[in-house]
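Going in written order, the chains are labelled A, B, C, D, E and F, and every chain counts its residues from 1.
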Amino acid sequence: MDIGLLVFLPVLGAIASLLSRLKRPGPDHVQRHALVALIAPAICLLLLLSYLPRIQSGEALVYSLSWVPEIGLGLAFRLDGLSWLFATLITGIGCLIIVYARYYFAGKDTAGRFFILIQLFMTAMLGIVLSENLLFMLVFWELTSLVSFLLIGFTWSSRNARRGARMSLVITGGGGLALLGGILLLGQIVGSYQITDVLAATDTIVSDDRYPLTLSLILLGAFTKSAQAPFHLWLPHAMAAPTPVSAYLHSATMVKAGLFLMARLHPAMGDTELWFSLITITGMVTLMVGAFVAMFMHDIKGLLAYSTISHLGLITLLIGMGSEMAMAAALFHLTVHALFKAPLFMMAGIVDQATGSRDMRNINGLWRTMPALMLITAVPAAAMAGLPLMSGYLSKKMLFSESLLVTAPHWATTLIPVWVTVAGLFSVAYSVRIFHNVFFNGQPVDLPHWPPRRKPAGMLIPLFILASASLLVGLAPQATYDTVIHLAVMATSMTHLPLYDFSELSDAQGPAMMSMIAMLGGVVFYLARGPLFAIHRQLPDVDAKNIFEQIMQQSIRFAQSLVYRLENGSLQRYLAFILVAAIAPALWMLTGYTGWQGPSALTEVNPMVVFGAVILCLSAIGVALFHHQRLPALLLLSVTGLFVTLAFAQFSAPDLALTQLSVEVMAVVIMMLALSFLPQTSPRESGAGRIARDLVLAGLAGTGIALFAYAVLTRPAETISGYFLANSVPGGGGTNVVNVILVDFRGFDTLGEITVLGIAAVAVFAFTRDLHLKERVASAGTAKGFAEPHPVILQMVSRMALPIALLVSAFIFLRGHNMPGGGFIAGLVTAVALTLQYMAGGLVWAQERMLTHFRPLIGAGLLIATATGLGSWVVGYPFLTSAFSHMDWPLIGEFELATALLFDLGVYTTVVGATLLILANLGKLMTVAGPGQEVG
Amino acid sequence: MNGSEMPLLLQLVITFFLVAGAIVALIGSIGLARLKDFYMRLHGPTKASTLGVGCILLASLLYFSYLKGGLSVQEALVTLFLFVTAPVSAHMMAKAALHRKLKCSPRTRKGPPDH
Amino acid sequence: MNHLMIMPIVIPLLTGAFLLVMYRYNIGRQRSLSIGSTLLLVIFAVWAILQAGVTDYTLYRLGNWQPPFGIVLVLDRLSAIMLLLTALLSLFCVLYASRGSDREGSHFHALLQFQLMGINGAFLTGDLFNLFVFFEVLLIASYALLLHGGGRARSRAGLHYVVINLAGSALFLLALGILYGLTGTLNMADLARVIATAPEADLPLLKAASLLLMVVFGIKAALLPLLFWLPRAYSAASAPVAALFAIMTKVGFYSMVRVFLVVFGLDEGSPANDTVLAWLWPMALVTLSLGGIGVLGASSLRTLTAYMVIVSVGILLATMSRNDEQLLAASLFYLLHSTCMTAVFFLLADLIGRYRENGYDRFSVISPLSHRWILGTVFLVAAVSMASLPPFSGFVSKAWILQSSSRLSDYLWLWAPILMSGLLIIAALSRAGSGWFWRPEQRADEAAPALDGARTATVCVMIAISFSLAIFAQPVMDYLEAAARLIYEPSGYVEAVLGDYVGQSREVTE
Amino acid sequence: MNRREFWLPRPLFSLFLAVLWLLMVNSFSVAHMLLGLALGVFIPFVTRAFWPEQAKVRYLLPLLRYFVVLMVDIVRSNLVVARRILWYPNQLTPGFVTFPLELDDDFAITILASTISLTPGTVTAHYDSYAGTLLIHALHVTDEDELVRQIKEQYERPLKEIFQ
Amino acid sequence: MELVIAITLGVLTSTGVYLILRARTFSVVLGLTLLSHGVNLFLFSMGRLTTASPAVIGLVENYTDPLPQALVLTAIVISFSMTAFVVVLALKAAVELRSDHVDGEDPNEDRQ
Amino acid sequence: MIATVIPFVIGVFCLAVLLNLYRLAIGPDIVDRILALDTLMINSIALIVLADIQMSLGILFEAALLIALMGFVGTVAMTKYLLRGDVIE
């Protein structure tokens, strides 16, 4: 449990920092923040130290808590030698960074934010190294990318900071996704994400088909995080972050996460040809690229960044070699690097703040003004150069000696030793340069602050501690190795190893020679820097950030153009896509289908039906042909509608005929209302190609429908409708089965259907409410002549027709349950009769005479229908259960009372309200007082 | 069920109305198709078709009255409705034609007054 | 029979109708009614979750008619989940809209209630034609809501959306016609039964009908190449409407699951859904990829979110088309996550847009912003969740999907676009965030309107839901696995719905 | 307006509706009589605002007689028109005739206009309420004044009697 | 007879499809109407077509399949609602987008 | 007798309908087309009634009534549109 505490303590610290930040910033607020921020890491460090004895006994402390067992994700922690080493580095250096930052951020408001983020980051790093569950580790892995994004963009007003932050997030985030894939595959192979299980399943993993992919994905994650070429590009640009961030994230900790992962998985996945070649080659390239570029950097932080890349490559190379000794060297150098690189960054920050510059061409001769800094920096600089007696010397010699031991594959045996020697040479050169150029090399040039501003001595404390530690390691390598590193190495090889013998190392001749060459060569190289810089200046200046931005921009442009080209705002194209999508699969499916002709015999041809069919077809084709002339097309459409009605009447569907007819007229009236605002003709704007394409689509669609219809019609019908015919009278109380289906068997459909109508009307109301048709409104008025607005004769007849039409609709309504008719048709008849009043008397005239507004009518209709349905609850039946009874009243005769009639009343009311609401609002657009005024 | 058990006289009457209606309606439509200008064409449908359909409805009235045993006057309602609305339709169409200043045939004695 | 089951349909219907009757109600009363109704929906949805957890299938026979003759509502775990998701989502949308967006046009609350009725009906119904009806209800309401507030962009997008969906409705009817013509029934369970025993010669026709249905549902779900209406429609809609629309594509997905896996999937030997699933797979993958590209190329946060919707649809349909029980469960989890987060982003785009001096949610405009800290933090957290980064539900769901799919032979086809689109999302969101919150100057205080606490809180609670979905993932996953198991036992569904009805009253006419 | 006029604006028309109802339902049960009467009262009540003018029908019997005459004329006119259309469509001499109205009740004018449209070879094309004239199109006209006189004689005079 | 009906359905659908692919809202509305005619008739004919047998109990001896009729009735009402809606929307769009082209005057104006 | 004559009568009305369609197609003016459509509607009332008689159903009366009503309203709408450029104002 307390391992888990170890991980989450910094979160608590971050919360504490957040709370402390809420307090009004006083003169000492940075100090307060720093103190608050130091608590959690310090406790962590102490806890870790307290674990050391147990770790040294070779124990791996594992603690697991279930979280999402379904996907194998658990809160599981593991503390063994490897994680202890990393965790200690993270917390230890973290504490020192916080101390350093207390002075670095002195007087700045942003300090609080820094302390919050740095502790969050610490949590993320501790999570990575202490996770026992690989998926759980991934949670923290992504968190490091994210917090690092925020930290790099810390000074967000700078464009460089923003770009650098984005670049690092995209690269490391992308790597994280690859890692996710890799880890999931690994988990699938092993059957568990627990590191214990994974480490125990080496043979299963290596022999699996998916091993190459798994390894590649995992390494992709590791390489991006650890800035391996070609993913190293983000690291130099992360230097836009404040120096404490660079010192912590980009030298000591985050970039080591990838190395950690490789070391962690080495026992499970290493020891293969693939592992060796992927990692060593990457390491070698990174090592060389980093070292080479570092030599030519003028920016102190830039140089340090590239040197970091180079050292990361070096460690990667060692991990790739994979032998126990190489692993020992890797971990030793990793520790050593953390100890010397952090103080060098801190130095860069001090110099930057003191002089206002980081350019080594300007910064010279600081030894006079900052002698203490010079003295302290000498140690890490020497360590980086790998001078004898320094920690870096030993680790470099370990590398050299390991490089000589490589026997397979063939290409590596000579290449690697030469390669590492050259790289060593470069590293000597840039180490000498950073020290000499900053502290010596003549007088400073054009520095913003000169003489340097005094910096608090406190900043030197963490520097001093780290430098001492580095020195200590160099002086007592064996002790260092034995106490901490050996445990980690054992964790990476899962075997009990003999201790590394440093005395053996000092006796070896080869490594010593290589060291010598590197050192002398480096110095020579540095002395010859003038001409070399001149040559380097000739080389094209490549800014990775710009390249990255360009790639991003290009991708975005590509994405935009692709999307724009597809989603180009053309409805015609979208519809064509949909048609193709509907036709193509069906066509594909049915090519070669032979079952179009079903078993049923064809029925004989009825000439009247043929006549109707021909006219139906002709009128439809006519609409298509004359669609440019809109009113004639509309008339032809009416003919089509009429013949559809006749078809329904002919084929035993009187209800449908009635409905179709009423709907048709209302639709045509509505279309004509709209047509008065639209152009009277459609321009001919389709090219021949477009017309041909559309004709093909239309033809295919029509053929498809025809084939389907033919296939179905020639098959015997097998349906459930016998039940409806049988139960309509006994169960539904009506002889018109269609109506009984509508109000009873499938009354729920009808409820939905009238809701649709109601919504459509309300929608029309809502969006014509503020529609302005200015240019049209002016023409309305009271014209004389033939075009008088309200012809008297029409008015007279319409008024007379209204009561009669209402009587007819009452008739149709009441009859509906037993004969063709029903609420819907009755409603439409009423609506049509009232529409006639609008047409004859005008909107204002008719509107004044309406008994009610239309929206409440719609609502009431829906409520009536729903309430009828709910009524059946009272007697314990489900929604819409009907009841009916025939009552024989004396004198009056037999009366049938059915709840279905009440339901139909709801339908009627809704239809009247909805239809009139639509019409009135369309008509409203024409009147002078129209826009903005509510009608209905 | 069919009309074969009907009294011959009724059958004859119904047949007469059917045939007469058909002929009258056809004449109306012929007029619509053949006559020279719109105003003349208007006459055919307004009267002939209305009456023709009226005859058919009358036949239907008789037929179903017999079939269902009782007076079935629903068709009369349709006829009535047609006779009330047809003049109004014609009136409205004529107004529209006047408004659109449709040309009269050259044989017209006196054109419409200008408004 | 438990009447609570009809409540998710009846309550919004009554509320909507009542709001129309009381059309003069002031906006305050409208809001209270609407919020009250939506709260009730949440309660009933919770009941539905519990009920479905206890009983695999709860039936509600409307009109007390025996299925397949009457319409039957079927509540199982899948529909219960969808009901709860809809209820919660709509609650947040209503709350958000009640801060002012609802006044931009008429009858927002009534229309929204009708929309909920349609959505809930589509989730509950066990009848294919009734599904069509509820589709139309939810569509017509969505047309109206899309146009809510007016403006040119909405008119254009609305017109396209409407016409395309009308074409879709025509296709739906065609497919229904073919199915009815060949099977003589409309009840999903009965259809499944008949299709499973259909004569060999009819099978291709039935499969062709299923392909037509794929297009119909594909238009709703936004499957390539049927999705081009979506980006503009969703980005034109007002924020709460767009957020509610996050569930709409899922209605299409849900219908596909119901129809293709249950109705066409009964025959275990050679189910009729093989053709449609085979078509769905590549189309969904291309959809997913195009969604990712669109996310990168989006010019505003709303458009970006619209493409996020497309990405999520791609993932959902691709996983569904693999016809695997566990994968379906995983994709249902992803459905919960993606619906929640796309809704969050539509709201967030509006929330942030309100506090930018100009440019609303466009990326190309650099504009001072007020309340940078709060909004920035909310955006950051939301973006992390949206990008499927841990520790939010997106991470869990994606991990589950990838994991479950890795057992399939062609898993890499799914993995590659999922992971790549993840990267594109990270790239796009980091650009957006850094451009909005880091780049411009702080907006001058006097010009800045006060932060709307209610709107912000709504968004935050939704993000918190995404987070708690990850924290309490296991129980949710158990539920979803059970839901998926039921889907893959269509015979159980058929038995539960049809009961002892074995083709009585069916007649054959030559 | 008194109570009766409010609740029962048109008693005669109500009765007409009730009869019409019975004709439509084709059943003369007590139930339908009651229902017909109820509708006859209810419908004019709810639509009274649409029909504000009081019809001034003086004599019902002459009106009925008028309609019978009209029916005969319609049949006759059809025969005439049929002959013209079929046998000599090209020899027709159509023309517009302005008919000066003596009637001033809109309802009566409407009946007259409809009558003209339904009878031999004439269609009412326009009603000019300012000038008080009807514009008539005749399919075949040889003497305009004769036509005007004929219409006045045959239709306008009876209508005037009925409505004034 | 089946062939006649099939061809009619095909023609209705074809003309509808052709028209919805036109560039002007009015043509699209015409097309949608024709398409819905085609589809409704198709659905209707799926119950097989019979004459003189309306599903009114007691009127005739053989009844046609009433279920598709009920479905088509629902479909007609829905397509009427949709037509009304889309007509008004087309009008609104034509006014606001300054053109009755389905994409307005400039389809990409709200894109930046 | 009636059964024999009905097909003939139907045929005559079909001929009438064809003539109406001919006028509808050639126009020349839109008013001609409206007139043709109006006539077509009236003739189709006859067709409906004849079909009703032929099938001896007696249930298509409402259809005839509605065609009459709807035909009238449609014609009025179209002519009003021509007269005023609008149907309702």
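Just a few scattered comments:
As a working rule, contacts are C-beta pairs under 8 Å (C-beta built on N, C-alpha and C of every residue); 3 or more make two chains touch, one makes a residue touch a chain.
Remember, predicted model here, so these are calculated numbers, not experimental data.
Shared contact partners of chain C and chain F, listed by label: A, E. Using the mean of the Cα atoms as each chain's centre, the chain most removed from chain C is D. For the interfaces B-D and A-B, the C-beta contact count is higher for B-D. Relative to chain B, the most remote chain by averaged C-alpha coordinates is A.
In terms of their C-alpha centroids, the spacing between chain D and chain E amounts to 40 Å.
The geometric centre of chain B is 10 Å away from that of chain F, both derived from CA atoms. One finds 57 Å separating the Cα centroids of chain B and chain C.
In terms of their C-alpha centroids, the spacing between chain B and chain E amounts to 32 Å. Shown for chain A are the residues that touch two or more other chains, namely 564, 569, 571, 575, 579, 650, 654, 675, 705, 708, 712-713, 717, 719-721, 724, 745-746, 749, 752-753, 756, 759-760, 763, 767, 784, 786-787, 791, 793-794, 797, 800, 804, 808, 819-820, 922.
Touching of two or more other chains is recorded for residues 16, 20, 25, 28, 40, 42, 45-48, 51-52, 54, 56, 59, 67, 71, 74, 78, 81-82, 85, 89-90, 92, 96, 102-103, 107, 111 of chain E. Shared contact sites, meaning residues of chain C that touch two or more other chains, fall at 129, 133, 136, 140, 143, 147, 156, 159-160, 163, 167, 174, 177-178, 180-181, 232, 299, 509.
Chain pairs that touch one another: A-B, A-C, A-D, A-E, A-F, B-D, B-F, C-E, E-F.
On the side of chain A, the complex with chain D involves touching residues 784, 786, 791-793, 795-797, 799-800, 802-804, 806-808, 810-811, 815, 837, 841, 846, 848-849, 851, 889, 891-895.
For chain A in complex with chain B, the residues that touch the partner chain are 784-787, 791, 793-794, 797, 800-801, 804, 808. Across the interface of their complex, chain C is touched by residues 66-73, 135, 138-139, 142-143, 146, 149-150, 153, 156-157, 161-162, 165-166, 169-170, 173-174, 176-178, 180-181, 184-185, 187-188, 213, 552, 555-564, 566-567, 569, 571, 573-575, 577-582, 585-586, 589-590, 593, 595, 598, 600-601, 705, 708, 711-713, 715-724, 726-727, 731, 744-749, 751-753, 755-756, 758-760, 762-763, 765-767, 769-770, 853, 855-856, 858-863, 866, 869-870, 872-873, 877-882 of chain A.
In the complex of the two chains, the chain F residues touching chain A come out as 10, 14, 17, 21, 24-25, 27, 30, 33-34, 37, 40-41, 44, 47-48, 51, 59-60, 62-63, 65-67, 69-70, 73-74, 76-78, 80-81, 83-89. Residues of chain B touching chain D in their complex: 24, 27, 30-31, 34-37, 39-40, 42-44, 46-48, 50-51, 68, 70-74, 76-77, 83-84, 86-88, 90-91, 94-95, 97-98, 104-105, 107-113.
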